[in-house]
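By written order: A, B, C and D. Residues from 1 in each chain.
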Amino acid sequence: MAGNSFGSIFKLTTFGESHGQAIGGIIDGCPAGLSIDFKAIETEMARRKPGQSAIVTQRKESDAVEFLSGIFEGVTTGTPIGFVIKNTNQKSADYTHIKDTYRPSHADYTYDKKYGIRDYRGGGRSSARETACRVVAGAIAKQLLKDIKITAYVSGVGELQLQKNYSEVDFSEIEKNPVRCADAEMALQMEAYIKEIRKQGDTVGGIVTCVLQNVPLGLGEPVFDKLHAQLGKAMLSINAVKGFEYGSGFAGTHLKGSVHNDLFNEDGSTKTNYSGGIQGGISNGADIYFKVAFKPVATIMQSQETINSEGEKVAMQGRGRHDPCVVPRAVPIVEAMAALVVADFWLLNKTAKL
Amino acid sequence: MAGNSFGSIFKLTTFGESHGQAIGGIIDGCPAGLSIDFKAIETEMARRKPGQSAIVTQRKESDAVEFLSGIFEGVTTGTPIGFVIKNTNQKSADYTHIKDTYRPSHADYTYDKKYGIRDYRGGGRSSARETACRVVAGAIAKQLLKDIKITAYVSGVGELQLQKNYSEVDFSEIEKNPVRCADAEMALQMEAYIKEIRKQGDTVGGIVTCVLQNVPLGLGEPVFDKLHAQLGKAMLSINAVKGFEYGSGFAGTHLKGSVHNDLFNEDGSTKTNYSGGIQGGISNGADIYFKVAFKPVATIMQSQETINSEGEKVAMQGRGRHDPCVVPRAVPIVEAMAALVVADFWLLNKTAKL
Amino acid sequence: MAGNSFGSIFKLTTFGESHGQAIGGIIDGCPAGLSIDFKAIETEMARRKPGQSAIVTQRKESDAVEFLSGIFEGVTTGTPIGFVIKNTNQKSADYTHIKDTYRPSHADYTYDKKYGIRDYRGGGRSSARETACRVVAGAIAKQLLKDIKITAYVSGVGELQLQKNYSEVDFSEIEKNPVRCADAEMALQMEAYIKEIRKQGDTVGGIVTCVLQNVPLGLGEPVFDKLHAQLGKAMLSINAVKGFEYGSGFAGTHLKGSVHNDLFNEDGSTKTNYSGGIQGGISNGADIYFKVAFKPVATIMQSQETINSEGEKVAMQGRGRHDPCVVPRAVPIVEAMAALVVADFWLLNKTAKL
Amino acid sequence: MAGNSFGSIFKLTTFGESHGQAIGGIIDGCPAGLSIDFKAIETEMARRKPGQSAIVTQRKESDAVEFLSGIFEGVTTGTPIGFVIKNTNQKSADYTHIKDTYRPSHADYTYDKKYGIRDYRGGGRSSARETACRVVAGAIAKQLLKDIKITAYVSGVGELQLQKNYSEVDFSEIEKNPVRCADAEMALQMEAYIKEIRKQGDTVGGIVTCVLQNVPLGLGEPVFDKLHAQLGKAMLSINAVKGFEYGSGFAGTHLKGSVHNDLFNEDGSTKTNYSGGIQGGISNGADIYFKVAFKPVATIMQSQETINSEGEKVAMQGRGRHDPCVVPRAVPIVEAMAALVVADFWLLNKTAKL
């Protein structure tokens, strides 16, 4: 099926191009009776918003969400929650230079080949503006999951890798620095590096770590919809993501079973957590943690050779205001997608046993 | 929804516990008119089969597939393909020692907590025996995709990492060595290492690399069902998988955009392929390649302390015949899941444009 | 799953309450490359619109559709088509009298019990205003199915039953009379009867017949998603529908097989069409025809005794402007839902065989 | 998607042709902890079984169900329940005469056109043998819904129509007569009539009425998955069904709103039940009742002219042992499908509100 829905019971369907009239979505299956904290939604949107700091794109986007249905007197009614975010301040003229040109490592070429047509303005549907709708829905999912703590932060920018694991850092640092790194010192280095990259007209990739705490035992639906499989899909569906690992991840492949096995305490908790809070695709009550790899943003402020739709060589250079590094703004998106996954499995798990 | 179906149009639904009467599945949505090569299915099953070499489990499992419907005179009819694989030679007695015991880093504990009951014999539904059904369906999907070449091989066992990338190795080596490494020399080292590990009564993790060649342009359904997102989910749903990366993957996060961008040739192909054959979630015609991380098998032949269902400490030691390293037998499973993903998107793409 | 999506490939998801800010929807899976005739969409909306004649509700509703995405320069792009219809001229004050009252044979009581909360203004989500979104999507589906002719008309109002079958009437009459009856004479009787009913402050039920012509052979997906099963669901999902029959329908139960069997002509067509154009759940190329039964509108301009949310007896009387008979305005809704079903199966059928 | 799955949470997927090796299915999403009464399943199967009385087909079919998974020590484990029913005593030779012939009002022609191939033996997938799998799953759903009483009976055979409504008949009569009519006197007439029809080598249609009692308030998912819409689809998906109506049905279209409205009692129940236990698509706690119309069986023991796959005229006559009237054996199938619908919505409703 056309891929603009996510989730089974708590289901988000989105629409919208970066330079159309609006983007938006429908959340179907949110239980009735949830008091919506609109302020909290705005806070999440502000974390994703362009222009929030000196190291992200200075583009201006309206991220004002209008809720059109499904919430009555501040409370969800069980009917679908429709919402729109208008596209304002979009200067379409900015994009005529890419009308017939395929930008390297963008989706221009593949959209054209798949659909035979493409809204070329600003990437159209393939623009990361689409992720604003994910943040809206994720913010509501977070409110549904009020006892679960979902925390993402930047743990890598280019070669700069935070060597501490999530239990060694201070989550309260995250929102204090524009990088959203969970370590103050490393944050300074990363910030400086991103500024340097921007000066070069270049971009750089990075890594976001996410931790889910207080997730109830039992979430996840083997054998295909394992909790980490759905988390992985959720993360990989975010623009620019190239990899996902949870628990011991790729490094865990180097270990022996005698080291990697998480031995039980008498209360069912485990002494170590190489499993990453999930065993057999089902949450075991321990912290769930995973890493998401983001490639460098494709739009750079340097001239590149590329082709147009006639297959002719043309030179092009990024214009406008783009992120030199996407991870600081990806943090709330990672959290939002995690919240959508957990909310869906949490609801579904109500039917697991008599 | 309960998670035992995979795919939307080409859809596999499976059932079965390792020590029940049988495992099996239903493939719905396979187009009519496909001549089935049963020999080819057997070949795939043999690649997954226990006991195939000295470095895998010596357990005996029948992997004989009986097709019950959907194929008439050797050709698919468009109706659902039902199949079963009987569980023979399963000695349930082998497993009474784990009836009330939660094996470390297995799914015993989480199944018990989620469902309140568990078929403890041999892991029940959480056993990797379930993957035999994936191989059956994948073998049919491969036949549907006859022009697409799907090749997986082992590229890491513990610390032993194949440093060559997929274009530098010889695929014809893969089936010549029991490790299924694509490099003869490295295969010998890996084999020796696995034997050493087995002697220790231990296990070790590893990495499988998979390459899809000749995939048509246009497969994948943004924004949530991006080709790589669904591939990632497919891989992460396989037992013991801890990570997935495609194209430049985690290493790509270290790169700058000016390096990472894949510049176009005039025919639409690209000079480099950091994108991994997918842009914006849609195949671009280049080779698709990805890596899958497998943790060390949890069952080790060493004594471990664990707990029983009463929360009491007990000692346990793996019995029977288990894999010291899962990756050699995971190779056909990775290929099968990749085939399922591609078959589904290939069919779906027939409706993308007028 | 929450039930606000319809279809699998060509999928409509809707939102909106009658007195919220807006209603709207997302059409996902419409193939790229379809030139949209916006005028034709407006025409369909006008057929459903309140106030269009003297025998329907005189309520004023804005039915202006704003398309927000998925259409670029008049052509579908393959990305989701988002649209909204603003709720204007809704006087919420009109509805405070039903805030705590359960109107007989409305959904007030069941929504309250299911969700524990309800947007009481004008029926909220259970209002037939929701069907406007179906008409929008159906109008696009019709354009996709340009060779298929979908024609609905009123064939019964109360005791007045059109005795001619669809091949004996003149479809060009339908839009010439306010009842949308396919027979001019009967239309006059029906119109007079509806006016009489309205004068009584009462309402009456009716029947809509629908005919699909030129449907290609092969649509429908046995065994559960038979073409008529999905058509039946589509129709039964429309407000006020109580029954569905196709082909020979209930009357066919009286017949013998020797009469009912449709004998073949040499070209594969049949001499009779008791089957209603569908055999085994798959279209056979003949005309598909079916009937849809609508109950009398529940809101009447007479005093009725009912209860409030405290379980106390209260008297109530319908206010405002309601339809004395729903079928004239139901005609385009029936057509729209039929179009959605056929569009979905038409796309799906592209994957039926190699 | 290929249409061999039914339900969302409690989901049945089936496979199998009438003359293949076996038919069977997978029930996914049945909650863990349900003690299975296998005897009760057999009882349901026996009600559907050929040869059970003098007025049904004397064909011999094995209906022995083998459960292969998902049930451990008699209790469901939450994993998928796989089952098969072997096809024994099927004489394929019986069917060679229809290999190249399209039987009138069967699905031979449409399957051939849709799929380009067909298992012609005994109708293949389009045979009603497939419904045995529905009865298996329905029998389990009934056990899940132990407080809900689901009762179907024959209310019409040809012109013989039971004039009493469901509250005026005695359900205990149903299983006492081979017709499964809920009225002893009418049963005798129907039985005599069916015997007469059989003597003529002919067949006749009929009607099954179904009543669901003690259904909890709140089941059904507006706006598209209304309870009656899904019930309608379920019934229309059964072989030979031509119509569905619930509550006042088609007759209700003749009524005025002032008569049809169901006025409330102070406890929320209603004085009348024209609504059929469903308002706005959601169960209201009252009895749900509906009627299902079955056409006459297409296979008759009289010579009919038809065509072969070359488009040539040929004469054919039904052979073997077929039902002169399908409704007595349809009764358990109607109940089974109703149970599947209710079980699914009952589980889903656990997520409706906080």
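Rule of thumb we're sticking to: a contact is a pair of C-beta atoms (placed from the backbone, for glycine too) under 8 Å apart; a residue touches a chain by one contact, two chains touch by 3 or more.
No experiment lies behind these values; they were computed from the predicted model shown.
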Relative to subunit B, which chain's C-alpha centre is the most remote?
C
Sort out for me whether A-C or A-B is joined by the greater number of C-beta contact pairs.
A-B
How many Å are there between the centre of subunit A and the centre of subunit B, using C-alpha atoms for each centre?
26
Inter-chain centre distance, subunit B versus subunit C - centres from mean C-alpha coordinates, in Å:
46
What whole-number Å value describes the gap between the mean CA coordinates of subunit A and subunit C?
39
Multi-chain contacts in subunit B, i.e. residues touching at least two other chains, fall at 1-2, 4-5, 8-9, 14, 29, 32-33, 78-79, 114-117, 125, 222, 348, 352-353
Can you list the residues on subunit B that touch subunit C in the complex?
1, 8-9, 29, 31-34, 78-79, 222, 347-348, 350-354
Which subunit B residues qualify as touching subunit A in the complex?
1-6, 8, 14, 102, 104-107, 109-111, 113-117, 125-126, 130, 156, 158-159, 197, 200, 202-207, 217-218, 220-226, 228-230, 232-234, 236-237, 242-250, 252-268, 270, 274-276, 278-285, 291, 293-300, 302, 304-307, 311-313, 348-349, 352-353
What residues of subunit C sit close enough to touch subunit A in their complex?
1-2, 4-5, 8-9, 11, 13-17, 20-26, 28-29, 32-33, 66-70, 72, 75-82, 84, 114-119, 124-125
